[in-house]
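Working notes, structure below.
Order as written gives the chain letters A, B, C, D and E; numbering starts at 1 within each chain.
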Amino acid sequence: MIDWTPFTLSFKLAFVTTLILLLIGIPVAWWLANTRSRLKPFIEALVSMPLVLPPTVIGFYVLWLLAPESMIGSLLEKIGIEVVFAFPGLVIGSILYSFPFMVQPLQSGFESVDRSIIEASYVAGKSQLETLLRVVLPAIKPSLLSAIIITFAHTIGEFGVVLMVGGSIPGKTQVASIAIYEYVEALDYEHAHIYSLIMLAISFAVLLSVYWLNRRFKRVAQW
Amino acid sequence: AAANLSYVLPHIIAVFKAKNPDVVVKVSYASSGKLAAQIQRGAPFAIFLSADTSYPKFLYKKGLTVTRPVVYAKGALALYSKKIATLAELPNLSRVAVANPSTAPYGKAAKEALQNAGLYDKLKSKLIYGQSIGQTTAYAIRAADAGLVAESAMYAKQMQPLRRYFHTIDPALYKPIDQAMVLLRNDDAARRFFVFLLSPQAGSIFRAYGYTLDD
Amino acid sequence: MVALGLRKILRDFTLEVSLRIERSEFVVIQGPSGSGKTTLLRIIAGLEKAEGAIEMEGERWLDEDGSLPPQKRSIGFVFQNYALFPTMSVLQNLLFVQNDKSFALHLLRLVDMLDLKERYPHELSGGQKQRVALARAYMRRPKVMLLDEPLSALDPAIRTHLQSKIKELHEEFGTTTFMVSHDVAESYRLADRIVLLERGRVREILDKEALLSHKTHHVGEVVDIKDGKAYVAFMGQIFRIPATKDMEVGQMVPLQIGEIRAL
Amino acid sequence: MVALGLRKILRDFTLEVSLRIERSEFVVIQGPSGSGKTTLLRIIAGLEKAEGAIEMEGERWLDEDGSLPPQKRSIGFVFQNYALFPTMSVLQNLLFVQNDKSFALHLLRLVDMLDLKERYPHELSGGQKQRVALARAYMRRPKVMLLDEPLSALDPAIRTHLQSKIKELHEEFGTTTFMVSHDVAESYRLADRIVLLERGRVREILDKEALLSHKTHHVGEVVDIKDGKAYVAFMGQIFRIPATKDMEVGQMVPLQIGEIRAL
Amino acid sequence: MIDWTPFTLSFKLAFVTTLILLLIGIPVAWWLANTRSRLKPFIEALVSMPLVLPPTVIGFYVLWLLAPESMIGSLLEKIGIEVVFAFPGLVIGSILYSFPFMVQPLQSGFESVDRSIIEASYVAGKSQLETLLRVVLPAIKPSLLSAIIITFAHTIGEFGVVLMVGGSIPGKTQVASIAIYEYVEALDYEHAHIYSLIMLAISFAVLLSVYWLNRRFKRVAQW
């Protein structure tokens, strides 16, 4: 019998993480693509830092930072938000770790967009925000799509950070990747295979429909 | 709970639940190191079943537990190989999987056993380290020529067809792997399960899965 | 009153322009390739930083205290490379500027692009793109219109047609217009004032007075002189007229249309 | 001998062209915006698929069996949007085509871009880019030259200068040249033959002589009709022409210029 | 005392992996960006599949596939190539897992490049390969850089696949991320902190110099 909760948890986590990262990543990438600040290379290097540490170790530091014993943790505790070993903790950990996957492709998209369409929008009286949303983002759709898909898929598969911060509590923080990992650890390969297959099948279906819709849409509005 | 308990615990829990239908037992498996780190940071666990005694001791010393560490079972090492049947033949092979001695209790025991058998120095360059006993077993059955694994693995459902490749190792070669647990929260349901784990009924289930117990 | 006093350095190129014109004037900017015409328009639009001041019908668009952002300047701009929004159809390109469909359709009819209003920019020819860019610039009914060679990719017939439309719209909205053009005939036809740029400086300003003598007539280019006949290129045709002594090949000569015929 | 017989459908637009010219001829292609000039050049270059056949000085570039890839066709192409390589300097843009520095410098001198040879495309004005694109197209000393409005962004002085250079290079290399141009004076000066496209079809093929009698269509607006005379506004003047029955005030009517006069 | 071999191993692995992935990823991304095949959405979805499984699980399957007992493994063994528990195995595992990180940004770069410069190069007589190398890749430098950096940094930090396929043999397959992970597991936080710091410091230095050079270079040849 297959327990579906890990899967729903995984997709919920990936969805929430991607959404929040879009909201954070777009302004950061936009700023990086446009700034002439001398700090730019520093911040660019900093953005990639979460990548170079093993996820478990990142999870470990996030745990340290957000635990009820810490400053931030106790603050959150006071206002009644449970972070570590709960869903919000998974989201925070995933956001931190997947941050570069969102920012990098967006930044390179922004950097290669034709300046003159931005100027045309400004001249048309549109604010930076409106220009970003209605002119630039549609124009860099391939990069946007790739940022979203990498972030989403990566959050689905990631388990190091999530395991450390969330603690594999069934129905609460035990996402599918952890469940599969545990089956492998327990030498229960049969379940591991089944869960992996389900994971692959669902993800493939999701990605395929995204790409397929993208293609159909392109055929209507080619650019 | 430590990952090596994932075969036996469901069985024990099933028996426990039959008697205590009001208690919900949820298990979070991970390496003992991770769990210890998490408990230190306030993980909402009620009982910590470690794969050795050092992690519970560590937590006990920090004052994070309700009880002292109590040994609930002892793990035993087994040799898994399709090619050989005794430790002495190991040097003829080229790749031997063991658990990482610095992070896994079974690794520590394996190293000790090899040292006591006088094989460690010869084998040192042929050792491959698994991060957990599960990973070590995976190496042993697929990629390495032999492996020092937990005897309890033999009782995993998947391992039934491979049972004949498990060979026992003389328990005198290593200190028994004392697996200890601590109670972390003082609530009634947790205490009931904690006590149940030490009951003879649980003990017999542990035995049936390859663990040993002091009588 | 429109007054400019600007200075801008781009590597070894320096633009230094002072100019004072009436509101609602039609100013044509001429000058060799690379003389700073586009740069001047971009500074007026606020797309390029510069030192100096711009006063535009009472508003201060640029002075020592700062620069009004392009969004706040009431301008229309036809870019030399069109800069259409690639993800929007022709009609959407116009509606993005101002959500006024009937006006958009009106402008598309003017530039003869109504049939192609659902097309995307990459499905248009060069001249079609240019006409969309022109229509889009008027969507905001701007106070100041900046046209960077808005008709360069068009054939003579539609070009003359659009010249009159630009003039009409200019008068209808009372717009102050700056238009870059290389076409002498076009310039004379449209301009109240012609500014000649050279290496970033104003070489000459032909004002109304100076232009008046040209006003009633047109110019054509002498392409050949043979047997006492001059061959003159004018409005997409070659005409044969009696040659005068001082005519030379390559010269622009003043002309009048003697007769037209209905078809 | 160069022979084309082509057919290409783009949505509701159909290009259908048959053409037969001598080698080393200079063919100017004229036609209204959107009539298929760029598409025709792109098909000749092999950048656009089409049905039909192209025979170019003995080589078969296109037939039922397939299409010779653009790389194997000895062509030079000046794109309407220049298509300079953004990551290469002016000189590198030329050397990329053919690593022949002295020829590159020679061509850059011809188009008066020698001083700016180290600049990158984004540091150039529109006309400067166009001149680089022109020079680049000659680097391969191609057999067939395809020029898509190569001088549209240039002022009359440099434009006339480059016209003679294009003609010289055309003769020097014995190139067969197809050039899109909207400028009659330019066409008259350069062309051996002028092909008039309209809605994707060849409307007329003219040689120089025929160009004299060729008439372009314009439109004027009927402002009044009185006593069998129509008063038509055209190019800022009012002309009186015989009225026809179906004329109405406010209507746009097709016109031809019958005669011009020098002043 | 600090053992530096894990660090040199990590950087060697990241370097080799990135290099090989560049060689594989560029043609794949180029093909995906240009194809009109109906299979395109399938292949695009397939490319992202390695992301949705936990790295350890991927490692597990790679191990299964390459182990001496398997077809491929025994074949490799015969021709004398040691794959599992050796450096080549780490490389294969990392390549597999990091594949999407290389292909995705490159593909979106290729998709947004101005077609007409490609045509200009063809007309100049240049082959597809030369066009790709000399015209297209320089033109999509932001995407190229982002693909390289994500792949490189991610290979440095990744440990799930590598741990499974490599077996943490000191000096041979024990890369820095594994070493750090092991310290955390052993509750030896002091060493974990030190190693993490070193990892961060080196990586930061590497990335900073890449970004800084990129910036300097851009100032010369802006685009």
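Throughout what follows, contacts are C-beta pairs under 8 Å (C-beta built on N, C-alpha and C of every residue); 3 or more make two chains touch, one makes a residue touch a chain.
On a predicted model such as this, the values are computed, not experimentally measured, just so you know.
Engineer: Can you list every chain that touches chain A and also touches chain B?
Structural biologist: E
Engineer: Please state, in steps, how far chain C lies from chain A along the shortest route of touching chains.
Structural biologist: So the least number of steps between the two chains is 1.
Engineer: Starting at chain A, find the fewest moves between touching chains needed to arrive at chain D.
Structural biologist: Step count on the best path from chain A to chain D: 2.
Engineer: Quick one: point me to the chain whose Cα centre is farthest from that of chain C.
Structural biologist: Measuring from the centre of chain C, the most distant chain centre belongs to B.
Engineer: Mind checking the centre-to-centre distance between chain B and chain E? Centres are C-alpha means, answer in whole Å.
Structural biologist: 36
Engineer: How many angstrom lie between the centres of chain B and chain C, each centre taken as the mean Cα position?
Structural biologist: A distance of 83 Å separates the two centres.
Engineer: Distance between chain C and chain D based on Cα centroids, please, to the nearest Å.
Structural biologist: Here chain C and chain D have centroids separated by 22 Å.
Engineer: Please list all residues of chain C that touch 2 or more other chains.
Structural biologist: 81, 123 - these are the residues of chain C that touch more than one other chain.
Engineer: By the touch rule stated above, which residues of chain A touch at least two different other chains?
Structural biologist: Residue numbers touching two or more other chains: 56, 60, 184.
Engineer: Taking each residue of chain B in turn, which ones touch at least two of the other chains?
Structural biologist: Touching at least two other chains: 34, 37, 135, 138.
Engineer: Hey, which chains are touching each other here?
Structural biologist: The set of touching chain pairs is A-B, A-C, A-E, B-E, C-D, D-E.
Engineer: What residues of chain A sit close enough to touch chain C in their complex?
Structural biologist: Answer in residue numbers: 114, 116-117, 119-127, 134-135, 138-139, 141, 221-223.
Engineer: If we count contacts the way the header does, which residues on chain A are in touch with chain E in the complex?
Structural biologist: It is residues 40-42, 44-46, 48-57, 60-61, 100-101, 104-105, 107-109, 111-113, 140, 142-143, 145-146, 149-150, 153-154, 156-160, 177-178, 180-181, 184, 192, 196, 199-200, 203-204, 207-208, 210-212, 214-215 of chain A that touch chain E.
Engineer: Applying the document's contact rule, which stretches of chain D touch chain C when the two form their complex?
Structural biologist: 10-11, 30-34, 37-39, 80-81, 123-128, 130-131, 148-149, 152-160, 182-185, 188-189, 211-212, 214-220, 230, 232, 234-237, 239, 241-242, 244, 247, 253-263
Engineer: Which of the residues in chain A come into contact with chain B in the complex?
Structural biologist: Touch residues, chain A against chain B: 56, 60, 63-64, 67-69, 73, 84-85, 163-164, 167-171, 174, 182, 184-190.
Engineer: Going by the contact rule at the top, pick out the chain B residues touching chain E in the complex.
Structural biologist: Residues 31, 33-34, 36-37, 55, 58, 95, 97, 100, 102-103, 127-131, 135, 138-139, 142-144.
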